[in-house]
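Look for chain A in each of the two complexes below; its partner is chain B in the first and chain C in the second.
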Partner chain A sequence: MKKKIFAFALSVLFVLPAVRLSAADDGLTGLQIADKIEASNVSSKGLVTKAVLELKNIASQDAEKRGCIMESVSENGLKKAAFRFTDSSYRGTTFLTLDKDGGDKITYIYLASVGSPRQIEASDRENNFVDTDFSNEDLGGSNTADYTYTRLADKKIGDMDCYFLEKAPKNKSSKYSKYQMLVDKTSFIPVMVKAFDKTGRLVKTIKMDNIKKVSDSIYVPYGITVVDVDKKHSSVITVTQAAEKQVNKGNFNKNKMDMKWPEE
Partner chain B sequence: MKKLSLLIMAMAVIAPAAFADGGSFSGTMDFFYAADIKNDAAYRRDERFDLNYSAAMEDTRIKADLRAEEDTLKLNDPTSKFYSADENATVYLREGYISQDINFGGGIDSINFRAGRIIYTWGNADELKPVDILNPQDYTFLLFKPIEERKLGVWSADATVYFTQDIFLEGVTIEEFEPDEVENSRIFNIDSAETAQLNVTNSIQPDMNNLAKPHYALRAGAELFGADVHAIWYDGYDYEPAFMSQLTSNPLLPVASTVYYPEIQMIGLDFQRALFSGISVRGEAGYFIKGKTFALKDTNSPNPADNPFLYSLVTGGNGFVEKHLVDVTAGFDVANLFVEKLYMNAEYNGEIMADHTGDIQQDEAEHTILATIDYPFFDDKITPKLRCLYNINDNAFAAGAEAAFKISAPYSITAGVWIIDGKKNSYYGEFSDNDLMYLEGTATF
Partner chain C sequence: MIEKLLEKTLEIFKKPWMVIAAAVIITLAFIPGIFMLQIDNDIHNMLPKDNIVVKNYDRFEDIFGNKNLIFVAVESDNIYKEEVFNYVKNLQNAVLDINKTMPAENIAKKLRLTAGEGRELVNALNEQVIMGPDDVKALLTNKERLTGEAFLDAKFADKIVSACRGANFTNIYDAYHPPVKKVDSIITSDFIKGTGNKFSVMKLLDDGVINPKNIGEVKKRVDSWDMYKGLLVSRDNTSTSLLIQLSSKDVDTRSAVYRELKKITAAGKPADIKVSIAGEPVISYFMTESILHDISFLMPLVLITVSLVLFLSFKNFQGVFYPMTGLAVCVVWTYGLMGYCGIPVNIVSSILPVVLTALGSAYGIHFMNNYFLIHGAGKLDSIKKNITTVGVGIFTGALTAMAGFLALLSTKFMPLRNFGLFTGIGIFFALVIVMYLLPSMLLEIKRPKVNFPDEEEQGGIILKFLKWFNHMVQYNYNMLLVISLIICVVSVAGISMLKVEMNNAEFFKKNAPVRMDDDRMNRIFDGTQEMDLVIESKDGSSVLRPEILAKVDSYKKDVMEKFPRVKRVMGINDYLKKMNQEMSGGKEEDYILPESARKADDYLMLYSGALDNFVTPKHDGASYDIVINRTNTMSLEKIQKYTEEYFRDFAGQNNIKISVSGTGAMYILANNLIVHGEIEDIIISFIAVFIIMMLDFRSTGLTIVALWPIFVALLMDFGFMGIVGIPLNAATAIVASLAIGTGIDYSIHFIVKYRQEMAAMGDKKDVGEAIYRTIMHRGRSIMYNVLAVMAGFFVLLFSNFVPLVQFGGLVGFTMLTTGAGAVIMIPATLKYLEKGGKTLL
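== the complex of A and B ==
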């Protein structure tokens, strides 16, 4: 019996710290992981992703598909990302996010009916991009400085090791109280994000799957599903083509948001 | 309709070849039917087909919008420039240009050249846009259609030097003159009470072959403290008609007037800035230092001493005086007013005349308020929208209410009503015979 107690005590002494060590063996804080998410999967040449977006009313099963294209590039550590619809009455509607010095972002939306880019305010970034379930922030990335991050115990999804983060908006007028994120340790892609409202109720989920490596350092989720729990509505992006390639920097110029991209 | 059908067939034949070549065709069909509320009669049937071609090859881009249109309001009106006695439709190139980027890596980020028939969008306000004056507009739609839809392209060349992606200098030279579509007798009754003295006998359009007369615009843009700011200089012709009058020896027609399009010079500024809580502020202002003329008061008195307009004519004037004018629009957007997606835009427009004198018909300052509210719901399939322009000076307004139903992404139907009211000689009241109900269907491919 004494031997068993001794063995148990040893295990407590040695195994538990090991478990604890595995939760944060890399020493990364929640904010550092968030910064890595923002800095990962970007290219100084350019990343071009073509996709089909399906909007679906989960209750009625009414669905509608549209073509879209996403481009991003990193210049001097500052990321530029653009999203554009390529067909239907939304053709040409373009969303542009530009990193600014100091960690801030500036975002623009271009509608052909308006003819010039419109600057979007930070709290507007939580709103949905036109009639999709993606928020403007989902498409353009978030300012890590706008949130506080807490790293929780790592989790495993299947054979995928994930960081588990909780982030809370600093802005008290935010419509969300917190987000929970599972981030793939290999690709730094948030494979599951849950958003909770002020009462703590789950209101939105984002799931990214079918992650593929498209170049030495870039991973792309070929499936992105956003579900608005309250509206029972989903937006599913299915990537048809993704590649790291040279893109015209003018594609990220707000004054040229009406111009066609060669990659369209 | 024959031309329209031919265009559709041509598109069907050409489209596969264009796709194979890297370019792509798209298009929009728009059917607008309006009924005259006051007279319980048909008002207008406008059927449009826009065939768009776009191509992008590395740093070169091509864009074209060929429009076929059958518009009963214009085609039945001999005063319209679209009128044709033996045709029942018109086809024209609304926009078409080639664009070339040249990218650098040093002190200049890039240079962009464009040439062709171009629609420019300058300024950041909505609808009442003092600095967005590079293109003529089809004012037969008054404000029923958004400004981008009303614009007509101009043959021009445009060069923009981007020092950074935020700081640029743009120069435009315009090589044609096409007046605003305002000579339509159904909409613009220039024999109305306000302008009874203007018996227009002829119209003089600028001679674009006279190279001594400049027709250009410059724009410099920068981002300052998070705001997008542009400074503008325009030296060219006004697409809006101006008048000059003179006495005649005809006792039945004692005054004759001539329409002309003055050369104007404008210094402008525009800005936009996203602030907080979904609020953005936007505005633009133009200071016209040349070419803005204003009618003198016509008291209908035969005695020139009591009638500034008549006094001007008998003393060698033309019944109008030129004054400097400040035209300013400023306002704000709220993306989520009280509830998510309830959008509101409110703007103020003021026209302030310099050195105003009491014998000028227009007030020293004209004040107009514009408000728009819309709220998409039911998965954004239904969007009701309210718009109102209210002229404070004249207590006159134009207001519209419509509901758009998105059947699916390519198809939509919109039903609406526009009411215009005010004194007959007021800013909006002169168009008060144009109350209408409309039904519009749009299909894109």
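== the complex of A and C ==
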């Protein structure tokens, strides 16, 4: 009997921590990984990405393509990101996200006909960006502090080692009950995100693939696919060009959102 | 010809036990089919799928969602108090919780799994991308995926794969899909709030927190925008509604949601709060319940009633037991076949057992009456004689009845078409059973010692009637014919007043709870009926152009003025005006439409609430809800025509397409199909019956004489309906088929006997004497027949449904008029023609 108790004690002391360590052998918690995702793939110089956005009705296969540009820059550890449509009737429509001190974010949308930029309320962050399947959060408006993170056992997707996180919104009126994320350990890009509604059903997926290294520390997914399961609709961003280069800081000024970008 | 045909079948009686054994086997085979029957009263499923109205309804439902809402009214002396808000909040949460529990229950039911297995499977499905039936099928039929991706154990995976063999994956997907799409209430409805020169979208109740301050704010918000009054809050502030949008099209699931809703609304309801539930899905549920009640109550009642009539007619056990056994077998075969064919039971086909019992009893009466009248012959000889004499009349009668019902196949209204088909088949079954199973049973038992006197010797009140009929016919035939002509003229005038009404809510009696709830809801709020005005761009451009929006605004004003029952036309215009107002600082004068399509497009980009019920993502289509305080379908058709006319020229000039859709449009279509089907049905029935009788009688004159009482009876029916205000609907539309197909039975029996009497007279033909003998020898069985069928149909007077009550009364009345026509009008006409020197032989 004593031997059994001793064996049990040993297992508590050594085996269980070993199991725990195997899931988190780098010591990172879920929140820390989320912070790393936020801090990764940003440049103080600037990152410019040109892409084509394809909106597709999965049932009818009707599709529509639009050109877009995404720019981001990091200043004093605070990230600024902008997204702009460059053609179609949406030309000029711009989305801007600015990190604020203290971890919060402020987001604006600019519409040519309305004129001045409009701030997007925090309560609107889960809503879709215009007629795409991307939510305002997906385009950079996500605030790490709005969620709790749980790190689950790591997964390997093909050759890619991934962190496996589950995040749950702190706000009870959120549309979603939880998200599951697979994050590439090398690039810190979430290669797969699944969003579940309040009934526990998978209602949205975001897949990032064709990840390329565009500079020493910056990776860019050349393919981003968002699928809205309920609406049977998808939005696919296919990156055509991505480069770390100097960007005009004025592009991130909410009062100059009507300004034409040199990259257009 | 028919006699010779029947003679050839007499060989079958050499081995009657084989006929009985075959009948037992067939009956046992049909019983499982009965358990496969489903009740479906969804108006959508009653209409042809290839009709443009149905296609549009389906297409618009895919684009704008299902607008068949369940309305839950919460009444109190004043809704702006914490007690009401707490109740509404709990109610709303509980309704949304249905989405968590019901898919597992539904899946378990569909796949015959335990509750726990149902939950496990739904959890597995929840982890997958499930966009439609194909995704469900791909997962549930693949054991490797079930074990590898969904992590189910191998044994359970095997069970699922096995349960899914031959399954309908559209049904399974529908069962899995959360049944409740959206719930709008005074707590969670979107409110557009302006701040400076921008607007934001929030809920009517701030943060869902219930306190006096927030409730006061809700009242201000509700009063500030007329979108809510009459829809979410009654104009006197004593009621508020929850608008529940369902995503499931499955009839069972919708019923299950309603049942759950009943439980939820009762739980924790404060005493001073009153709750009513209404809407099309609720009406559909109650129709299902009432049909079940009708079938379980009326079927035994009709069996008892017809048995009683048979007993009074024959006064012996055999005369009741054998025909009734045959009728029960006939109903099992017919309903079993319907079940196997996947034909649903609805308000029309629910009366099929009553119709078959009533009609089949007539065949049984004629057969047994004649059987008992044959004295001195052996059993087999009696039966053979029976089949070649009265059997001819039964055969011809069944053939004409089948023709009458099968003529309903010309209609495109599915319940009538299916009813016609299966009643026709049922009558064929009844014919086979009466002609072969019934005699086989009689052959296998000892012939009862029945002292059944000749018709003329039976005496009683019926004999007095028959003698009186004969007297009238022989001496007052001219007056009788003049009276029938006067009836025709009055009836035609009545027909001009006939209305058509196919509206599920009107099917219930005024004191039925569902009708009372619906009436209450229509008194408190704007209305529970709706049609949709859908505007689509033909070239893909935005329909939010100022000229289109302005036209809709003027339409809204005009239609509400012209049709006071139209209480609101709700759509994207209301939201754009509010957004424009808030973007311009909230001034009242800025509650106007944006001046450009681009501005409207951009407002919608800024709007973070859900407007997919009103506008397409590309803004190339918009749907407006025409909310109507419940009215009849003919009024709905006037609104539809007015709307189409209003936009006709404008649509052409602006390259847009206008459609009036929604449940209201489907009821209008049902009305039109019933009317057109009715006219075609009557013409086809008459032609078919005319041909059958011509083949039998080989006399155009006799055929016309036989059809004459039916024609008068039909005119009387429709004239009576017009005069007393009974509308033509899915149930009353069948009366014509019954009148032609069944009423002719009496004429046939009368004329067959009349010809036999005339033939027996040889060269000394005397029409008056032949008429006398026919009335005396066939009159009694015709009257028994009329009484049995009338009694059978009068059982429907106890139905829960107004149209079935009307139908039962009308058919009973028709049987009386066609029966009287056979024993009075036919001889009167023959007598009249005799004076003109025509005997029609």
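Note that in this section the second predicted complex is superposed on the first by the 241 of 264 C-alpha atoms of A that agree within 3 Å, B and C clash if a C-alpha of one lies under 4 Å from a C-alpha of the other, contacts with A are read in each partner's own complex, and residues count from 1 in each chain.
The working rule: a residue touches a chain if its C-beta (ideal position, glycine included) is under 8 Å from a C-beta of that chain, and two chains touch if they have at least 3 such contacts.
Fair warning: this is a prediction, and the values are worked out from it, not measured in the lab.
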item: Touching partner for A:Asn248 - first (chain B), second (chain C), both, neither; value: first
item: Chain B versus chain C as contact partner of A:Gly158, first or second or both or neither; value: neither
item: Partner with the higher number of touched chain A residues, chain C or chain B; value: B
item: Partner chain in contact with A:Gly102 - chain B first, chain C second, else both or neither; value: neither
item: Which of chain B and chain C A:Lys198 touches, first, second, both or neither; value: second
item: Which of chain B and chain C A:Arg91 touches, first, second, both or neither; value: first
item: Touching partner for A:Arg66 - first (chain B), second (chain C), both, neither; value: first
item: Which of chain B and chain C A:Gly27 touches, first, second, both or neither; value: neither
item: Touching partner for A:Pro262 - first (chain B), second (chain C), both, neither; value: first
item: Set of chain A residues, in rising order, touched by both chain B and chain C; value: 64, 89, 112-114, 116, 118-121, 123-124, 127, 130-131, 173
item: Complex contacts: residues of chain A adjacent to chain C; value: 58-59, 64, 89, 93, 109, 111-114, 116, 118-121, 123-124, 127, 130-131, 173, 196, 198-202, 205, 227, 229, 232
item: Chain C - residues contacting chain A, complex; value: 96, 99-100, 103, 123, 125-132, 178, 197-198, 200-202, 207-208, 583, 596, 598-599, 601-603, 605-606, 608, 617-618
item: Chain A-facing residues of chain B, complex; value: 24, 26, 28, 54-59, 61, 63, 99, 101, 103, 109-110, 112, 119, 121-124, 146-149, 160, 162, 165, 168, 221, 226, 228, 272-280, 333, 335-336, 340-341, 376, 379-380, 406, 408-412, 442, 444
item: Contact footprint of chain B on chain A as seen in their complex; value: 55, 57, 62, 64, 66, 87-91, 106, 112-124, 127-128, 130-131, 173, 175, 231, 233, 248-250, 252-256, 259-262, 264
